[in-house]
Every structure is written in structure tokens, then in C-alpha cells.
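The same subunit A turns up in both complexes below, where it pairs with subunit B and then with subunit C.
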Partner chain A sequence: MSDFPLLSLIIFLPLLGALLLLVLRLPQKASYWLSVVWSLVVFVIAVGLLLNFADGSTSGFAFTEKLEWLKPLGMNYQVAVDSISAWLIALTAFVSLVAAFSAREIQGRHNYFRAWLLTLETGILGVFAATNLLNFYVFWEVMLIPAYFLIGRWGITRERVKSAIRFVIYTLVGSLLMLVAMLALAFLTVPAGGQPSLDLLVLKERIGGLDRSTQEWLFLAFAAAFAVKVPLFPLQAWQPDAYAESPTPVTIVLAGVMSKTGTYGFLRFGIFLFPTASQTFAPLICILALASIIYGALAALGQTDLKRLLAYSSLSHTGFIVLGLFALNNQGINGAVLQMINHGITTPALFLAATALSNRTGTTELAGMAGLQSRMPRLAALFLILSLASLGLPGLNQFAGEFLILGGAWQASTWYAVIGAVGVVLAAWYSIRLFQLIWHGPRAENESPALAKVLDMRPVEYLVFVPLVALIVLLGLAPALVTSIFDGSVSTLLK
Partner chain B sequence: MAEAIGLVVLFPLLGFLAIALLGNSLSEKGAAYLACAAVGFAFLSALASVPAVYDPKDVFLYTWTQAGNWKFSFGLLADPLSVFMCLIVTGVGFLIHLYSIGYMTGEHGEPEADYRRFFAYMNLFVFSMLLLVTSNNFIFLLVGWAGVGLSSFLLIGFYKDKPSAVKAARKALVMNTIGDVGLLLGIFVIILNTGAVNYYHAFRGAEFASDGGWRDIASILLLIAAVAKSAQLPLHTWLPDAMEGPTPVSALIHAATMVTAGVYLITRAHPIFAYSEVALIAIPVIGAASAFYAATCAIIQTDIKRVLAYSTMSQLGYMFMAAGAGAYEAAMFHLLTHAFFKALLFLSAGAVIHAIGGEQGIRNMGGLGKQLPLARWTFLIGALAISGIPVFSGFFSKEAIFAAFPLFGGKEAQVGFGLNETGHIILGWVALLVAVMTAAYMFRLYFLVFSGPKAKSYQTHESPLTMKLPLMVLGALSVVGGFVYVPGAYNLLEKWFEKAHEYVQTTPTRWLIIPYETIEWTNLIGAVGAAIIGWFIAYGIFGRAERVAPSDEVKGFAAFLQNGWYLDKLYYAVVATPVVWVSKLLTKQADKDVAEALDWGIGGSLWASSKLIRKTETGYVRNYALGILVGAVALLAYVLVAAIQR
Partner chain C sequence: MGLSAINVLYQVKIDKAELDKLSQIEWGALLPAWIVSGGILLILLADLILPKSQKNALVILSFTTLVAAIVSAFTLMDNKASAFQGMVAADDLSRYMAVLIFGAGALVILASPDYFSRIGVEARSEYYALMLATVTGMWLLTVSLNLMVFFVALELFSLALYVLAGFLPRSLRGHEAGFKYFLLSSFATAFMLYGMALLFGVSGTTQFNGIAAYFTKNGVSGDYGILALVGLGMLSVGFAFKVSAVPFHMWTPDVYEGSPTPVTALMAVGTKAAIIAAFLRVFTGMLEPIKLQWQPIIFVLAILTMIVGNLMALSQQSVKRLLAYSAIAQAGYLLVGIASDNSLGREGVLFYLFSYTLMTLGAFTVILALEGPRGEGQDISYFTGLARHHPGLAAVMTVCLLSLGGIPPTAGFFGKALVFGSAVQEGGWYLALALVGVATSVIAVFYYFRIVVQMYMAGDSTRKVVEGRPGWALVFVLMVTSVGTLALGILAGPAFEWAKQAVVFLR
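Take a look at the complex of A and B:
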């Protein structure tokens, strides 16, 4: 069993599914069910992988697979997971499943759409599993192509191509800098008479040999790529458009898991690989994270469009994750990893609920909605729970993450936690404003006539939202279910 | 039986979940009865857990989170303080639930809109408060704390189509979140200095901490939370607006749940507060200032519920004073009697409002005593109790508080530091002045509503039994509820709270016991005299036939008082408006595609200065990005070539 390439199976299964879709050219319904079942299988295997770590005793890499490719350059295919990446892989499979499930009716070439979505999943899974730098880079770029097409071709308005191009330019600039840094790192760390290596663990051993300023420059190049992907202030301009333009299944993958590739990168290829440089730049990155938190929250407070508001709220929340990471202590990083998972559950749920709502109202403009609670009390209740989770209500999942993040930040500097706390208050403000604008108050005068016979939640919607809400409550009441599993890995990583 | 405390919390939770999940399959009356039963059974369970008062312990533990050396567990604590609070919350809460059955029913016996939703929220409210008081650690205290804030948001905004209710609800939530955040940060200070969030371990850790300076910071942060929740200065502005909710909600917020949480927190965390000089000065001063401020505002309000709202703030000020002076027992005592008479006052006011079709303005009332005899008598009992007239419950609890602030000195700072003798004297006189004002505004309200000429004639209708019964029970409790302590005779609270401080501390405690052996005649005469003076003032102006009519349109100083010293307007101008302005600005910029330019730093300033740039701005950024791209590729090529040449 130990020789069985389980990890590669998980990574490439979605790609295989994508190829299958392209070859079979199924009609809408059949292709929908194929992609759902396919994603479900991937998810089940990913959970199986995660269960191997369930007792929390494994703190290093496991399931290592290695194929030699370009030996002189140290470029290998090499994947492995620890309990942190195992969680993120399970999360990716979960969010992709939700995305596939919600992609019921696709306008235009639906087989291509679902194929790209599955390819995107392979890219993200690969990023979380790669332990060879070049390997990591390849998966990193694999994410870009499907994302570009998904936004550019299936985007909602005519602005979609512009959004897609902007997304690509931002990402490419960051990732090319990272590529340069990777190669430089490989060659600069070659020991006398040795071979260059791109193996993460080998480089971790060798990095101490570099002088400090070289380490810092290399770290910054890596950080640029990750900061774009998260995104971190001031590199967020691609994000609101990309999130708002994308069709919902794409948005939830972008916001739910692709943003986590950036935070994961910071953790694995920033903090772990460059411990010294991380120390040096931690204050800077924490300040940028705080700027993301506050900027995102303030921008969300003024939005008049539902999806854009959620996009800015996501910016604010990913800022918390980065803040936790660069607190550089057990609590902060534990909280950050926990929050990656929490945010990966809450944000897709919010975007799905927003879509469920806008499909009924026919608009995402908040001005056209008001006083809808009596029309759709159940959807309103769902929206309330999700808003509360998002604003970090103690007892729900995001609070557990924020608690550890701010606790870690407080130890790094009291001011980080205090400013972060201002972000928490602003989050309560904009979330409640959003909730009330839609559901409370007198009915809007320009209300869409479609609302007259609108229906409350349908059974198929319960199928998606009940598990999401259950997770939100469960992880709020017992976050130890998650943190106890990767706690050991975090300690190992910080050593 | 300590485990019964679990049932206390569980019943309202189950009630809430059942009503919320069953939805329309539960009849409206069924939902109401279920909600009442849930709180009723919680009360019985609280009675069953009374033995834990003499044998406190933590029950139901599981690991909540684990991160490095932070490993925290959830658990419930059955001890004198938690059982005491549970009895008040479920007892008074049950009566308010019962009352709501009738109150939320229209004139012709038809349930109001969203009847089920109302009862679901009420149970959620009670559940949150119970979690708050029974948690054995600061984290789940915060969970309950935020749950209470959430429930109040839901209930204040219950009339969801009314813009003023929506706004009031949002204000309550945001201001409460400020408190939540204070508590959160305070928890970090406690964790980092004691290594625990569990009360027992945290307080033991605090006791043996070598450097106590952190207690000041922790106290200030916790105090922010307490002040926000208990509507003390300066985070009080949500409370008067919270009147937008239905009257039973106001009763619940003001009497049984929510606002008492701040006093509870200070009492619960007394091993931290009592060792912080900053806290020992700040708490009583904030309390006295709030008591005075609220009394000045109450005296001129023209909405029956707003008078009562400000009076709550004022009475909580008394509790803060007591708690700040180390007289935690007196604070809890006043919390108990206040729960009785404030619930009574709100429910009597509710009976009036209900009977005359929702009118709340007192200028439209007057002479209602004959038509509404029960409401009149119960309101009178409440007014006598809150004013501190002897034998009524408020008399004893106020007496206990005044005992901590002797009017002519003779009392050094109780714990060696904190307020000095002069400070105690000054606050004592402020408390006395507030007592005069309390009697004055309560009897002003009583005379204007129940006696004198009628402003309008109403077709009043009889209150249903579900409304009458709670009024009678609370009326009785407001009369006899104070007899747990009688000056010169006995003090039952001392025995009850014995373990509250012994449980957590080994060194001599700073928990002051209400002295009962001797009677402090100066204080006693002063307090009773103050109440009588207040009554005379009210009678002189409002009680006689040719009385002064209240007016909504006041000017000058009166307007200043009626608008709460314009503090609300000040906060809007200084905090809310600028934030909204900035957010609008950000939105505008971001939406106009300028963020793109701003993000690159250079384009933004150019854009602001020139409209010409704006036309080419998109291309400009693209070119800029393209430049980086080309540069990166060139760099890449260079590295590769350099590597191969090696």
C-alpha cells in the first residue's frame, strides 16, 4: 500500500475527468452529473487521505512520491503532504465538489466549462502537495490557465475579458519573479561539488549557507507571487472584479481555495523555507495584512453591489490569515491554517447564498432589495447565519480562527491585535449593514416584479447549505477537531 | 446537584432550536407554550442546582481548541454566582415569557405577525445569557456575551420593516461588538499572564503572579466590555434606542438579561479587578457618572419606555459603584432586586401601552389609573421599590450599596488602594443626589400616566391572565424580595456567596461582605430622606391638579438633557460619519477602476491631479505591468544563462 501513488491519484483524477468530459462531449445534464460524481470521488479519496492524520501524531511529510525528471537541474516530480496540506487538499476537494454541484446550468460550451473547473482543481491540489520548487511552480501556473478562461469566457458582464486579463497580468508578474527566485535559489545553494536541488527539504538545509541579504531578496520575490494570489494590500485590484465577474462556481473556487494557495505559499515557501528573512519582513507583512483588513472592511462598508461587497469582505478576511501567519508563533499560524479552512467554508457558502438570492431578485444591486425577510424567511435565516459566521460571532467557525490569530498577533505586537480588532468591529458593521439592507426595512420601491411569486429555499439548496452550516457550527464549537490534527505540524514547521 | 446546571442551559437552547426548525408545523400558540416551558424547566433545573452553591465544581468538559501551549476546554461552572444568576435569569425570564404570550397578541386575540420568530429569539436570548453566566471560562463567557448581543440585535429590530428599529438594532450590535472586542483582548492578557482561560486556573494564576501590572490592562479591557454591555458611560447610547423592540424585550434586556452581564463580569473576575488600582477607581467613578447622567436624562423624557431605559442605566451605575468599591455582594443584591422591580415597571408600562393601543408618549396619557388599576398598583410598587422607600425591596439593596460609601467618611480605601476616603464621600453624596432624582422622575412618570386629567380618552381593554399573573408575582417579589438582608438583623447573602470568593482564592479576599450587625443611621436616614424629597418634588410639579404638562418640543438645557447631552450626535459626527465617508470614498474610487492605478501607487496621484491621465490610465497601468513582465523574463533568461555557464 505504501507504494501506491495515492497523492498523485488525487491530484490527477480531476484532470482525467476533464479529459473525459472533452472526449465524451456529453449533453448538459450528463456532463453535470459526471462532474459531480467525479468530484465526489476525489473528495472521498481526499478525506481518506486526511483520516491518516486524524490522530494528530504525524507532524512531518508523509505519502512522499518522487520521480526523477531533469536530474542535472534538480527538477523532479515530487509530492508529499503533512497534516496541514492534507487538510487543504480535503478542503479543495470539498469546495470543488460544491462548485461542481452548483454548476447546474452552464450557458455555452458546458463541457469545456466543467473541464476547466476540474483542471483548476488539479492545479490547486498540486500546489498543496508539491515539495519540489519547480513542481510547485508548474502547478501554480496550471491554476492560471483555467482561471483565465473561466473568467474570460463565462464571466457575467462584458467586462469579463478585461477582468481576466488583469488577473493574468497581476499573477504572472508575481509568479515570474518567483520563478527567477527559485532558479537563483537552486544554483546559489549548490554545495561544493554537489548538484543543484529544488527539493524543498534539501533547500531548507542549504538555505543557511546564503548570506542574509540574498535570502531576503529571494524571499521578497516569492512573497510577491503569494501576495498577489491572496491578495494582499496593495495588490488586490484584480480581485473584486474577478470575484464579481466570475460565474458562482468559479468564484467559490477562487475565493474559497485559490486564495489559500497564496497563504499556503507564504507558510510553506516563505516562513518554512526562509525563516530568517521571514523574521525580517514579518513587521512589513503584518502591516500590509492589517491594511488589507481595514481597507477591505471599509470598502465593503460602502459597496452597493452584493458580490463586490463579499469580495472586499474576503479581502479583509484573508488579511487576517496573513496576519496570523506572520505573527510567527504557534497560535498565530494555527489560527491562520484553521482560518484557511473556515474561510474556505464560509466564503463559498456566502457567494452561493448571494447567488441564490440574486437569481430570485434578478439583480446583485443592493438598491433593488429591501425588506425581503417576509418573502423568503428561510433564505433570510441562512443569510443571517452566514453573515454572523463571517463577522466572527463567537461560537461560529471564523471566531475560532480569529481568536487564535489575534492571540498570536497580540504576542507579536499588541498593536497588531488592536488594529485587527478594529477590523472585527468593522466586520460586524458591514456584515449587519448588508444583512439589513437586503432583509429588513420597508420594501424597495423599484423592487423587481419577479419577486411577487418568488419561492423560498428549494430542497436542492438545502442539500448544499445544510452541510455547510453544520460545518460552520461544528468548527465553531470544537475547533480542536481541526487544530489538534495539524498542531504538531505547525510546531515542526516553526522549529 | 451541580450537573443540573447543564439542563439550565440546555432547555432554552432546545426551545430555540425546536421553534426555529419546526417552523410552520408548530402552531403559534404551541411555539409560545414551548418557549415558556423551556424557560420554566430551566428555572426548575436552576433550583435543582442550588446545592452546588456550597460545593462548586466544573462540569461537562471537552477540549475547545489546541494550538501550541494554548489548550483550552469548554465547561460549565456551578457555583454561588452562576446559580444566583441562573435563578434570576430563568425566574424573571419565565415571567416575561409568560407575559409575552398575552402581550404579543392583538386586541382580538390574534397573534401578532412573526409570533413564532419572537419566541424563538426570546429563548435564544435567555440561552445566551445562561451560557454567559454558567461558562467556567472566559472564552465561552465571550460566546454567551456575543450571543446576548446578537439576540438583542434580533429583538430590538423585531419590527423589521420600521427604519428606526432597524437602525437601533444595528447600533446595538456595533456598540456591543466594541465591547466584545475589549473582552477578547482582555482574554489574551489573562492567557499570557496566567496561562489559562478557565476561571479557577486563571484566578489562581493571577493570585500567584509575581508582577501584577498586567491586571490594570486586563481590567481596562474587560471594563470596556462591561461598560458596553451594561450601557454605562461612554458606550451607553444604544440603550435608549433599544426601546424600539417590543416591551417584553425591553423587560428582558433591562431586568433579567443583557445589561446585568457587565456587573456579573466585574463580580466574576473580581480576583483581577480587585487588585488593579486603575479599575478600583475607574469602575465606581464610571458608575456614579452614569447614574447621575442617566438620572438627568430620565427626568425630562416624554416616552414612558425611555424614562425606564435611562433609569436602568442609572441603577446599573449604582451596581458599578458597589462593585468598584469591592462590595460585590451589594452589587449582586441590587442586581436581584432591580431584576424584580425593573421587570415589574416595564411590564406595567407594557400593560398600559398594550391597553391603549401602542401609545408610548406620556403627554398622551394621564388619568389612566382608574381604567387600569392593576397596572397602576404594580407600577406604584415598582416606583416605591426603585426609589428605596422602606420595606420595599430596593430599600434594602440600596442601603447595602450606601453602606460602602459613608456620607461623612470614616472609611479608608477598603483594600489599601483605590478610592481614598474623600473619593468615597464624594461618590456617596452623588449617590444620594441620584436617589433624590430617581424618586423624582419615577413619580413624575407615575403622576403623569396614572393620575391627573386625561389627555385623551381610550377604549382600554382588559389584559389577559398571562399578563396579569406575572405582574402580580413580580409585584409581590418587589415588595418582599429585599428581605434577604435586613440591617441590624441578618444577611443571608453572606452565606450564599461564601464559596464565591473562597473557591478561587486562598489569600484573604477583597470581597466585602454587607455589614448587618449595626445600623448605619446616617446613611439610612439620608437615603430615605432623599427618596421622600424626590417624591415631594414630583408631587409638587406633576402631582397636583394644575400640573406641568410634558412637552416633546423643548429648548435649551431641557433639549440638551432630553437628547442625552447630545452624546449620540457627537459619536455620529466624530466616529460614524467619517468612517462612512471614507468607505464611500474607497468604494467610489475602487468602482471607477481607479483602484488599479492607486494600487500601483504612481498612477493614483497622477489621476487625482489630472483628468488627462484618467483617459489613458488603463493603458498606463498595463504598460507598467508589461514593463515588469519584460523585466522578469529578461531576469529569468539571465539567471538561466548564468546557471548554464557555471
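Take a look at the complex of A and C:
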């Protein structure tokens, strides 16, 4: 491979686009198209990066780049990808493209909005590419500021600032714990006469020298930060508000990709870096994951607001991902990574469909939507496909992931699989109930008058949804397309 | 020939040998101080000569003097570990502190005329002369290697600062601030002096290396051990007062709030820089042999300061007071690096000091830019919707607040990482310093973000004080501080190397 810093290009290109948007101050339409085209370019390059791993032969890190930053603490700018990160980078670029495309009309300072969206993309891309703990931490924090402004300034109701602040505080407590653990890790693993290092691969070798309880404390500190991001029960309190308050393009990125930074963190900096501590805490984390699954599902059953329901449903599904990860076997982790990608496609699609619906009905309250199928048959069909995908119908994408996860969980403990399966049943329950509530049955009494002249799906909406649905079906019918690429990395990771 | 004339006229006996001795004095070691002192004289003279309309010349003169001082520190100053018979140091730490202190002074002086014209007070030449005197005293404090020089420098900058604190003529708050500072600070200086006297008593010398030699030989044992300990304690009290450590911090919020904002900025930045550098020379240098005695003291000071400083800032409505408490908390983080007393801690403290100077100056300059004649612009309500009318000011404030909160990749993050890292490296009880530091950083984000929220998200403020754009001098200061904060973060490696070099002479 040439010395061209491809990874850094991918990471910082969105940031450059953000600065461009701020400087040029274009009117709404022009800035919209600039952000879409820019995101498309990033996506194309990311797919090119991914295709390098297409033959499934590279199982280690590639495209490594290194720049010294603060040597005495071992803090350097180091990025590299393996097949897992390459997939997640491609996913991020894809979801950001979808988000940029859906952000047609932004009230109030649209240039700033799109700039923040692109900056958020840079942060997330950096998190997936970082192989030095400092770098990881920096990009982790870089994710925070744009998300705060996006939720707090362009949020939907008056509660938006509170949700934004809660989001920041939860995340910050976790990440500051991670900072202390990071520093401790650097200093405690210094060999005699050596230098502290925060390089992932160097730390992996050195960590065997630490005694067990130290490893466990450090793991817990890291796990706290990741558990907030995913989110994992019981640190999920920030999520429903944040997802519901943020405007749809932001929710898409938060739910589709930002939650995956937490699960990726668990995988790369939890399981890979702390193998013994992960084994110790795997039962605890699996139980918390199961709690997320069940709690998310039950809460979804009780929601009256569409966006919050989808937020809890997302909580439930990410619980599955964590369960698969901490089953700590090949099958579970393969399923988890696959599900990271699947969830990253289905959830944006679901939120987009929900927005399409709420734009037409004028509300996100379920009470204001009933019996709509007769009037919007095509939107109903789309919703049906997405709901079935979400509950894990075989033939659509999420089935393969959930199956592998449950299989891996079974190998870890029968009970995990049983309770997980209950979670699947609950998912079916709330998904189908949601569908019935909105589309079947008689009309709602307090229906908005706007519905009288509502249109079914418009051409531009097909442009967004058809690729998403196509991906969902493709990944459902041929998941091996994805798994074959990263399963090499997974087995290397587990060694 | 001229020599004999002088001898006759003044009835003295100066011969060539005496003159030769004069030239052997290491003038070059204190060159920056001579330059700034010359500047003071020039300003006082210029005030007599210049017409009223040319008052800007004073600003330019002061600024040029300080820049010349910084340049001279690198080009013409000697490079000696000690000069003037071991009384002052002319080493890399002196140069580092010259940049920090004279640089801060220069930026504050640049920002002053805008402020004074807006609040309707005439900044006469005394202001600039006192500023230069303060800055000189601060720098001399950081280069002194003798208790007497230390004390004289301390008094020099303190006295000038007392007057500056009460500079606003018709402000009751201002007079209170000046008087309060004078009274309390004199009390603390007395403590410090008594401590120094006791240390002189036990060691028989006022030279730092002499005292260090005494402690290396005797420690705190023997008949005079208790005297040494009491002396150490009193010295620490004086230091703690000056750096606003808890529980000696009570003066800070009132004095900071009542002083003119440029003076507040210099107090927050320059005093801390000078005292922390003095901490390095005195505690980690001179008192190194008895480090087991003073480390617990600094440990406790650091923890208390971090906790109280951050907690008290939460409830503040005046941004100036909030920044005062924030400065207290930042002093706590700096004390963490001093408490852990390893090389990483010392180097980290110097780096943190650099970033602290830039970010605090930036924050105070933004407040300065918004202030009005009757003290408006200080309350947080003036920041509501600031981004709409003054996006540049809001952006600078955001960068500085993010850096104060320790968000990467600003310089503040690396400063905290280094300082907490040194605590972690020390291990044992010192881990508590890192944990408390991290926990209080979370609290700090609350009140920093509150200002950011007000600027960007709340509705429009009806209480606009400043119309139009700030002047070019103010813009320059704002740019230097905000860009510097970001640049120092990106270039943390080279900056850290410089700090490392500066600390070498302390061993």
C-alpha cells in the first residue's frame, strides 16, 4: 500500500466539509446539496477502503498511520483498520449520507446544522479507526460537542436543552473514568526502563504483566464509558429523551452509528485488550444486556409516542449486540458484529419512516394515528417490511445476526439464550402491535385535519427507502457476504 | 580623566579596579527586568510630554517594552544557572516564565484601552507603569534564588497589584477590592516573611541552595527541627494564599470581581504563573530534601482546592466571579502536579501553566469586551444569545471554556492529562488526586457548559451593552488566546519538550 494517508483523509474530509459550509454560508438548497455530495464522496472512498478487505484474507490491521503527539505519556495519533472497523467506517459514511440526504429543510442556521452533522461524522469515523488510546479518547470527546449542539439547539421541544445536557453529563462521567483508566494503564504497564505507551497492540502485549484485580478495575472503568454510549441498562436514562428530542437526521446518526461506537469499544478495548477481565465480567454484562433487551421491549410496549417507542426498541436491539459480544465465542461475536451493521441499516430506516409518517399526521403521538393503511398503502408496506426486519423475520437482515447471537449465547449459558429468545418474542409483540395501532383498525378520533389531503410516498422518498430496503433484503438473504469479510478478524481478536 | 573629576567632585575614591568590578556584574542575567524598568521610567516621563490625544502611545510603548523584554530573554540574556552571587537564575525556566508573564502582561495591556474607554475611566500613565511594575515583580519572583530577592519581588508585584485592584475611581466595589486585597495579602506576606525568617534561623543563610544543603544534612531533626517545620508551615500558608488555595481563597472572588477586568485577568494569570513557578523553585527545588514533610500539605491543599473551587462555581451568576472560582479550581489542578513531585509532574505543571495562561486570558478578555460603565456585562444573562450578535466573541469564549473544561484536542486536556498522569505515576495515595481531579472536572463542565448554552441556545438578550465590533487590539488578543489554546493542543509535543527543558535546572 502506498504511503498516502487514506484513513486520515476519510476521517477528516467531513470536518473539512463542515468548515467549508461555515465559510461559504450558502442558502438552504445549495448547502443541502453540498453536504449531500460531500457525504457521498466520503462514502465512496469508505467503500473503496472496505473493498480492500473484500477477499477476506487480511485479518490484521492495515492502512496504519502514526504521528507522535505527546511522547512522554505514549499519546500518539495512530489509526489503522481491520475488516471489522472497515465495515463500521463504511456504515458510518453510509448512515451520514442518509442523514445528510434527509436533512432537506432545516429551520434556523442550516449551515451550522449541516456543519455539526459532518463534524459528528468525523468524530465517529475517528473512533472506529483509532488504535492509540489517546486518539480513541480524543475522537470519543469530539463526538460529544456536535451531538450536544445538534440536540440542544435544533431539538424538537422545549426539553431539548435538558436532554442535551443529560446526554453530555452521562457520557462525560463515563469518558472521564476512561481517561483515568487510560493514564493508569499507560503507567502501570511500563516495562523496566521503557516508555509508557498507549498503542493498542503494545498494551495488549504488556497487559499480561498486570495483576488480575488491577486489570479488572481498569476494564470496569472502560466498560462504564462504553455502557453509557450503547446504552446498556442501567445507564440508558439519557437515550429515550435524546433520541426523541433530536431532529431526525441526528437521531439517525445517534441510533444508527453512535451506539455502535459503544459496542465497538466493548469489542476492541474491552474484549481484545482485557481478555481475562472480560471473562470475569462476562456473566455480569450478559445479564445487563438481557436486562436491556427485556426492559427495552417492555418499555416499548408501554409507549404512546412513536419516536420514544423506536428509541426503546433500539435499546432492546443493542442489548442483543452486547449479549453476543460477551458470549465470548466466535459465533456470538460474529453475530454481534453482523448485527451492528444490520441495526445500523434498519434503525435509520425505521426512524426515517417514522418521520415520514409524523410529517403527514402532524404528530408523533400514537393516539393521533390509526387506520392509515387505506390511505397510505405504500407507506404501510414499507413500514411492514421495516417492522418485520426489526423483529428478526428470517429472510430479512436482522434474523441472521440474532440467530448467531443466540447461538453464541447458548454456548455460554443456556439461560442467556432462553431469555434472549423471550426478548425476540417481545420484539415481535411490540413491533406488530405498533403496526396494527398505526395502520389497521378504525380511524383515530383526534386525527389531525392535515390527514385529509395526505399523499402516499413521494418519488424522493423512494430514492431513500429503496436502497435501504434493498440492503435489508440482500443482507437477509446473503449475510455471508458480510460475515465472510470480518470473521477472520473476529477469530484473530479472540485468540 | 573623567574618573578623577568624579573623585574630586564627590569626594570619593573610585579607581579603575572598582570600575572593573562593575563590569563583572552580570547585568545580562536580569536584562528583561532592566528593560521593563526602563520602560516604566519612560512611560512616566512620556506622560509629562505627550498631549492628551496621544495616550495610545503609552499602550504602544508598554507593549513594545514587554515584547523587547521577551526577545531579550532569548537573545541577549546570559544563560547561567545562577548569577549575582547565586541570587538569581538566568536559566531556561527564566526564559519560559518570561514568555508567559511578559506575554500575559503584553496582551492585558493591549486589551486595556478598549475597556477603559468603554467604562468611561481615564487610564492614565500610572496604570501602565503599575502594570509594568507588577509584571517585573512577577518575573523576578520566578528567577530568584534567594529568600531576600524573593521577598522583594513578591512585595514589588503585590504592592503594584494592590493599587491596580482599586484603580476604578468611583467604584465602591473597586475600593473594597483594593483594600481587601491589601489587608489580607499583607497578612499573608507577613506569614511568609516569618516563615522565611525561621528558615534563615535554622539554616543560617537565605540562599536557596544553602537552605537545601542544610536540610540535606539535617532534615527536620535536631533542636531546630520544630522551627524548620513551623517555618515550612508558615511559608506554605503564604504561598497558599497567593495562589488562592483553599482554605486561603476567600479573598479571590471579591477582589477579582471588584478590580477592573484587565487587572483581574493579570491577577488570575500572572500571579498564578509566578507563584507556581516559585512553588517549583522553592518546594521542589530548595525544600526537596524535606519533601516528605511538605508533600502531604500540598496534597491536602490540592484536594480541598479542586473540590471547593469547582463546587462554589456552580452557583455563581456573575461570570467574573465564576471565572474567579474556576481560577481557584485550576490552581488545585496545578497543585496536583506539584504534590506528586516527579519529573512528569513538574514538566506537566509548566505545560499546564502555559495553557492556563492562554485560556484564562481569553475568557477574561471576552468578559472585558462586553463590560459596560456600571459593571454590566458581568452577569451571565448578558451572555444570552451572544452568538447571534457577536459570533466571534462567542466562538473564542467557547474554545476557552472547552479548554478550561479539559475537552480534547484543546491544550487544557493535555495539561490535565499530564498532571493527572503524574499523580497516577506516583501511585498509592496520589491516585486519589487523579480521581478527585477527574470527578471535579465533570462538575466543572456543568458550569462551563452553562455559559456555552446561554451563548448559543437561549433566546435573545435584551441587555446588550456593546454595539458594533471590538477594536483591533482586542481582536488581536482574542485571536492570540483562542488560536493559541488550540495550537498548543495540537503541538503539545514540542511545547512539552520546551517545558521539560525548562525544568532541568531544578534538579
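Miscellaneous remarks
Keep in mind that, in the parts below, the second predicted complex is superposed on the first by the 494 of 495 C-alpha atoms of A that agree within 3 Å, B and C clash if a C-alpha of one lies under 4 Å from a C-alpha of the other, contacts with A are read in each partner's own complex, and residues count from 1 in each chain.
We take it that a residue touches a chain if its C-beta (ideal position, glycine included) is under 8 Å from a C-beta of that chain, and two chains touch if they have at least 3 such contacts.
Small disclaimer: the values here were computed from a predicted structure and weren't measured.
After overlaying the two complexes on the shared chain, residue contacts for A:217 are found with neither subunit B nor subunit C. In the superposition on chain A, A:33 makes contact with neither subunit B nor subunit C.
When the two complexes are overlaid on their common chain A, residue A:170 makes contact with subunit B while staying clear of subunit C. Between subunit B and subunit C, more residues of subunit A are touched by B. By the touch criterion stated above, A:411 is placed in contact with subunit B alone, subunit C being left untouched.
Residue contacts after overlaying the shared chain place A:153 against subunit C, while subunit B stays out of touching range. Of the two partner chains, neither subunit B nor subunit C is touched by A:4.
When the two structures are aligned on the shared chain, A:137 is found in touch with subunit C, with no touch to subunit B. When both complexes are overlaid on chain A, the residue A:462 reaches neither subunit B nor subunit C.
Using the contact criterion defined above for the overlaid structures, shared-chain residue A:145 touches subunit C, although it does not reach subunit B.
Shared contact residues of subunit A with subunit B and subunit C: 169, 172-173, 176-177, 179-180, 183-184, 187.
Residues of subunit A that touch subunit B in their complex: 166, 169-170, 172-173, 176-177, 179-180, 183-184, 187, 196, 234-237, 240, 295, 298-304, 308, 312, 329-331, 334-335, 371, 373, 377-378, 381, 388, 391, 393-395, 399-400, 403-404, 406-407, 410-411, 417-418, 421-422, 424-426, 428-429, 432-433, 436, 439-443, 477-480, 483-484, 487, 490-491. Taken in their complex, subunit C has these residues touching subunit A: 344, 347, 402, 407-409, 413-414, 417-418, 420-421, 424-425, 431, 434-435, 438-439, 441-442, 445-446, 449, 453, 456-457, 492-493, 496, 500. Touching subunit C in their complex are the following residues of subunit A: 68-73, 75, 134, 137-138, 141-142, 144-145, 148-149, 152-153, 161, 165, 168-169, 172-173, 176-177, 179-180, 183-184, 186-187.
Looking at the complex, you find that subunit B touches subunit A at residues 20, 23, 62-70, 74, 117, 139, 142-143, 145-147, 150, 153, 157, 160-161, 163, 166, 169-170, 173-174, 177-178, 180-181, 184-185, 188, 191-192, 579-580, 582-588, 590-591, 595-596, 598-599, 601, 622, 625-626, 628-629, 632-633, 635-636, 639-640, 642-643, 646.
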